[in-house]
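What follows is a single structure, and I will ask about it in a moment.
Residue numbering begins at 1 within each chain, and the chains themselves are lettered A, B, C and D in the order written.
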Amino acid sequence: MNRPLDPGSWQYRELNSRAPTLSTLSDTLIALAEEGHPIVAGSADLQYSNGLVGFARRYPERFIQFGISEQNMVSAAAGLATTGLMPFVATFASFLALLCCEQIRMDVAYCAQPVRLIGHHAGISLGFYGTSHHATEDLAIMRSIADLTVVAPADGAQFAAAIRASVHHPQPIYFRIGRGHDPVVYDQDTPFAFGEAITHGIGDEITIIATGSSVHPALEATRALQAGGKSVGLIDMHTIKPLDEKAVLAAADRSRIILTVEEHTILGGLGGAVAEVMAEHGARARLVRHGIKDEFSLIAPPTHLYRHYRLDAQGIEEVARALLA
Amino acid sequence: MAAEAGDRAYEGAGPPFILGYHPLEHGRNSMNTTLTQDEITRLEERARFIRLETIRLISIAKVGHYSSAFSAAEIFATLYYDTMRIRRDEPAWIDRDRFLMGKGHAAVALFPVLADLGFFPKAWLDQYTRLGSPLGDHPDMRKVPGVDFSSGSIGHALSAGLGMALGARILKRDFRTFVMLGDGEMQEGQVWEAALAAANHGLSRLIAIIDRNGFQLDGRVDDTMAIEPLREKWEAFGWDVSDVDGHDVVSVAECLRRLRDDERRAKPACVIAHTIKGKGVSYMETEPGWHLGYLAPADEARAIEEIMAGAAR
Amino acid sequence: MNRPLDPGSWQYRELNSRAPTLSTLSDTLIALAEEGHPIVAGSADLQYSNGLVGFARRYPERFIQFGISEQNMVSAAAGLATTGLMPFVATFASFLALLCCEQIRMDVAYCAQPVRLIGHHAGISLGFYGTSHHATEDLAIMRSIADLTVVAPADGAQFAAAIRASVHHPQPIYFRIGRGHDPVVYDQDTPFAFGEAITHGIGDEITIIATGSSVHPALEATRALQAGGKSVGLIDMHTIKPLDEKAVLAAADRSRIILTVEEHTILGGLGGAVAEVMAEHGARARLVRHGIKDEFSLIAPPTHLYRHYRLDAQGIEEVARALLA
Amino acid sequence: MAAEAGDRAYEGAGPPFILGYHPLEHGRNSMNTTLTQDEITRLEERARFIRLETIRLISIAKVGHYSSAFSAAEIFATLYYDTMRIRRDEPAWIDRDRFLMGKGHAAVALFPVLADLGFFPKAWLDQYTRLGSPLGDHPDMRKVPGVDFSSGSIGHALSAGLGMALGARILKRDFRTFVMLGDGEMQEGQVWEAALAAANHGLSRLIAIIDRNGFQLDGRVDDTMAIEPLREKWEAFGWDVSDVDGHDVVSVAECLRRLRDDERRAKPACVIAHTIKGKGVSYMETEPGWHLGYLAPADEARAIEEIMAGAAR
């Protein structure tokens, strides 16, 4: 049958490697390699999901295909790094942060190798692919590991800036990325520094602290609330570790409520990190942690899940309004 | 269109499907391994039903693993309508044979079978992947009656099946445990941990079936991380190995009957089912991009046509 | 050479299987099996370290040796549980909670199988065997997983009681155990209930909340401080999840300072869990988290490490005194 | 006693040990594979030194892995004093051959070698396992000059070595990567992931050496989780396999020289070194309990005697 297929039909691999945040990954790595940085990249049978196929086409000799063996990939990345290369290895966040947890601790973090781990499709962004493919524990897990920097960029521009900044970052890094289709939050040249939160305002009533995929909806919710006359602020806590304690405490000093928002369990992730700082400093504000409430997430198309878990702009606005009432 | 395909598929099922094996619940070794023409026709019909339902369900989800389901259609059909000892309407029967999928992403082909067997209402299928539905891209034992184990993360299933086979031995139950694995799945180390353990424990009632369709997500298995010589690997890990044409129900069913009933074998058994990824739909058969995708209605119709025509062949 | 060896020479396997807390494991499982519970046990080439060799000798057909393949063991335990058996599988905490993190999440917790996971030699108790063998992240990691109960008994008696209680507990459980040589804290028949902390007193100045191996030294420290006229209390938080929030809040309501003590990183474990409750409820008390300060632990004989990290009675007392000053 | 053993061991080393291979830093294929009597004597002497130092260090720690170190003594000696391209006093030389230990618990045998090569002060050894010491039961690259990779969790090393070999290829450096694995380690799935990948990437400069001592922690490998046929497993995973007597320095050294220099081989190479766990001390040689333990001074003295006597044999 040689008739061409209907334009409405599509193959995932063709489509997804063009997803904005993810093509950012490949494009930025290509640019860095062109500038002379010793970048190598690896993928475990997901080069179309993470867009690294672009890098692989441009630098085939610097791309390593590991097949479906994530643990081997992570340990090998550490070995690669010992030779002076800077490996970026990527796979679904659930398989990276959970399946390779011990390899990340021992071979990457403990051996202090400058490996960059890209956990993509984190949170519930894999929708109906199943709870097995959701990663709502990865921030808690990665945060428990010493000497590992943990970052969840809000959009493609911030991701690109973070990758660029990583070239001069001495520690290994876990990057947490979503589906790669994040709406734009930042201009291309917004500065980025690990561990320095971006404060979009402090509210007298509520300051929202959001990370990664939750920043954009939280920003929309904040604007809607402000438009309704509420004093609400927002902090983009792109670096979960080391946490910008100053930013947290500044907000906790002025706001009545700190509302953390993350596409993650409310245990031990962003909410947990903020709780530690607040409790340790006897902060005045009350903390409310919004996210997945310590349960296994349901399946559904991603947007339906965001709605269900109130992680879309409307949901965050509802949660905040209930607190203001 | 989708509904039509679905209806047609279930019409094909006719009155409650008469199972060749299940009525003999208690007897093993009680049937010979040769299939009758009637049985062959039925299994082929069920494989077609599985393909058509796969298309229908993916048309609801708007994205799915057509080709991973198609390569395994005859295997699913043979297992559930010939090989396995199960009770219609009693998914949790304690003595049932167990089935696990390492390649859980082909669950779209399993759900129609479980519904057909009466394990849950067929109406559930219409909600495939919707919020609140138990049916998603991967099988979930906590939500779906008849699913013996959940999967999604490739590489765990043989270990879980090993546990079931060990459990059967400890509890002195004679059920068999069948585990379907992808060929890309051979790259996961845990598979080899389980393989080694199964051979050490002499779990002859554990049967692995490898869907050797030659492709994984990033492309050909040979280009991604080649796994040959596959027979030698399994033999070196202490397994009995058979090769079958995975699209020939006679070959599959006779092999599985034989392995199921052979009580002299001391080793676990591995079946390398040689298959074609996307089997039944010409434009999927060699195109790796179809590991995951979506067919617009016009192409869906063509796929259905081809599947029906293939059946007539 | 047939002369017998000097009595001063010893083999670990002979010695360790008699370690009190660990022989408890084996003895309790044997007793439960004798009472008719469908216990099976599994070990990954560490039956002398966890003492399961005792169970293996008594019930060879119910003991499964997995060799050095921990992940296979965990997934297989889940498979075993589906057949109606109640599997207890044990290995070093670092290999259980970290190496098998994803198998625990998917096959045990998500599949809701009543598997009991015994992570022994947790914390820094493996001393100079190396940081690879330390588990100072396991509580944070296990706590992030939904539907999993996380318990760290203080001594053998409590461990035995917890194992007994587990028979009627619907959820899978992660037990965190030390070296098996814990000093006695409780009588043999002290009652145990998952999620119900044991409050040994609330202090006006400080209430210490400790877990697992830190309970005994914290108790000693508490007594020493009390003897010095300080109003100090202690809560044994044996269940990390679900956390006894009431006990935390009751203490946070009366004490000026809550001091958490754990042989674990101060991020995301007991200290993290307590911080979440306190911050969320706007607790009055200040929180101080004592433990490993987000760094890779050194190696040394265990007692030297406890001294170094101030996790022995003296160290805990020093930390508390500094807070009182 | 302990100090004495240690002193004696270092005396044995005499003036800076003259290495058969290292002076030829830049030439590969430059020497033949046959050992001179002089080289044999030296390697045997270094193996004895390793065993004596193992005893001394464990007498400091008061517990340790004697037998895991003893089975590998000739392998360590051969690698560091014959096979590997390294520079004395320059542990981080970029073109050095790399060494990784999957069985990191035998590091007690490696540290004296690294000290002997001048990678760190010998005095460090006396602080073995003490607070603040870089030297513990497992090798730590972050703390110990000359350790190419940290280990402790069995099963990672071949993957890390794979990464180094890939790095060498990308950077167009010709160093070799040697990975020592335990036979119990074969049970870890990650080893097979790495094995498959190394063969796929044709990493002929990656050489795995399996210390086939027949025992693991819980007892005999055969009783715990048997791994035979081992050669067939590695061959089926695409490796070139050699068998050697792991206590015969001639056999080990000639094999490693050959594998190191063979530029025609397209596959990674695996050496199955047949060894005896506890080799050199009679009461350890067949007693599995000695995987981990402690020798009181009297038994230590007997062990030292036996080791010295064995050397004279």
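The criterion applied here is as follows: a residue touches a chain if its C-beta (ideal position, glycine included) is under 8 Å from a C-beta of that chain, and two chains touch if they have at least 3 such contacts.
Here the structure is a predicted model, which is why all the values come from computation and not from measurement.
Q: Please state, in steps, how far subunit C lies from subunit B along the shortest route of touching chains.
A: 1
Q: Going by average Cα coordinates, which chain is farthest removed from subunit A?
A: Between subunit A and the rest, the longest centre separation is with D.
Q: Would you mind telling me which chain pair, A-D or A-B, is linked by more contacting C-beta pairs?
A: Spelling it out, more C-beta pairs touch across A-B than across the other pair.
Q: With chain centres taken as the means of their Cα atoms, state the distance from subunit A to subunit C in Å.
A: Chain centres of subunit A and subunit C, defined by C-alpha means, are spaced 31 Å apart.
Q: State, to the nearest whole Å, the distance from the C-alpha centre of subunit B to the C-alpha centre of subunit D.
A: Subunit B and subunit D have C-alpha centres separated by 46 Å.
Q: With centres defined as the mean C-alpha position, give me the subunit A-subunit D separation in Å.
A: From the centre of subunit A to the centre of subunit D is 41 Å.
Q: Measuring from the mean C-alpha position of subunit A to the mean C-alpha position of subunit B, what distance in angstrom results?
A: The separation of the two C-alpha centroids amounts to 35 Å.
Q: So which bits of subunit B are touching at least two other chains?
A: In subunit B, 150, 152-153, 187-190, 193, 196-197, 200, 225 touch at least two other chains.
Q: Mind pulling the subunit A residues that touch 2 or more other chains?
A: 66-67, 69, 71-72, 94-95, 99, 102, 106, 110, 131-132 - these are the residues of subunit A that touch more than one other chain.
Q: If every chain is a node and each touching pair gets an edge, what shape is that graph: line, ring, star, complete or other?
A: complete
Q: Using the touch definition up top, name the residues of subunit D that touch subunit A in the complex.
A: Interface residues on subunit D, with respect to subunit A: 94, 98, 141-142, 148-150, 152-153, 156, 159-168, 170-171, 173, 190, 193-194, 196-197, 200-201.
Q: In their shared complex, at which residues does subunit B touch subunit D?
A: For subunit B paired with subunit D, touching residues are 187-193, 196-197, 200, 225-227, 229, 232-233, 235-237.
Q: Where on subunit C does subunit B make contact in their complex?
A: Touch residues, subunit C against subunit B: 40, 61-62, 64, 66-67, 69, 71-72, 74-85, 87, 102-103, 106-107, 110-112.
Q: Which residues of subunit A touch subunit C once you look at their complex with the stated criterion?
A: So the residues of subunit A touching subunit C come out as 94-95, 98-99, 101-102, 105-106, 109-110, 131-132, 137, 140-141, 143-147, 241, 265-269, 271-276, 278-283, 285-289, 294-296.
Q: For the complex, which residues does subunit D have touching subunit C?
A: Checking each residue of subunit D against subunit C gives 61, 63, 104-105, 129-133, 136-138, 140, 150-155, 184-185, 187-189, 216-218, 224-225, 282-283, 287-299, 302, 306.
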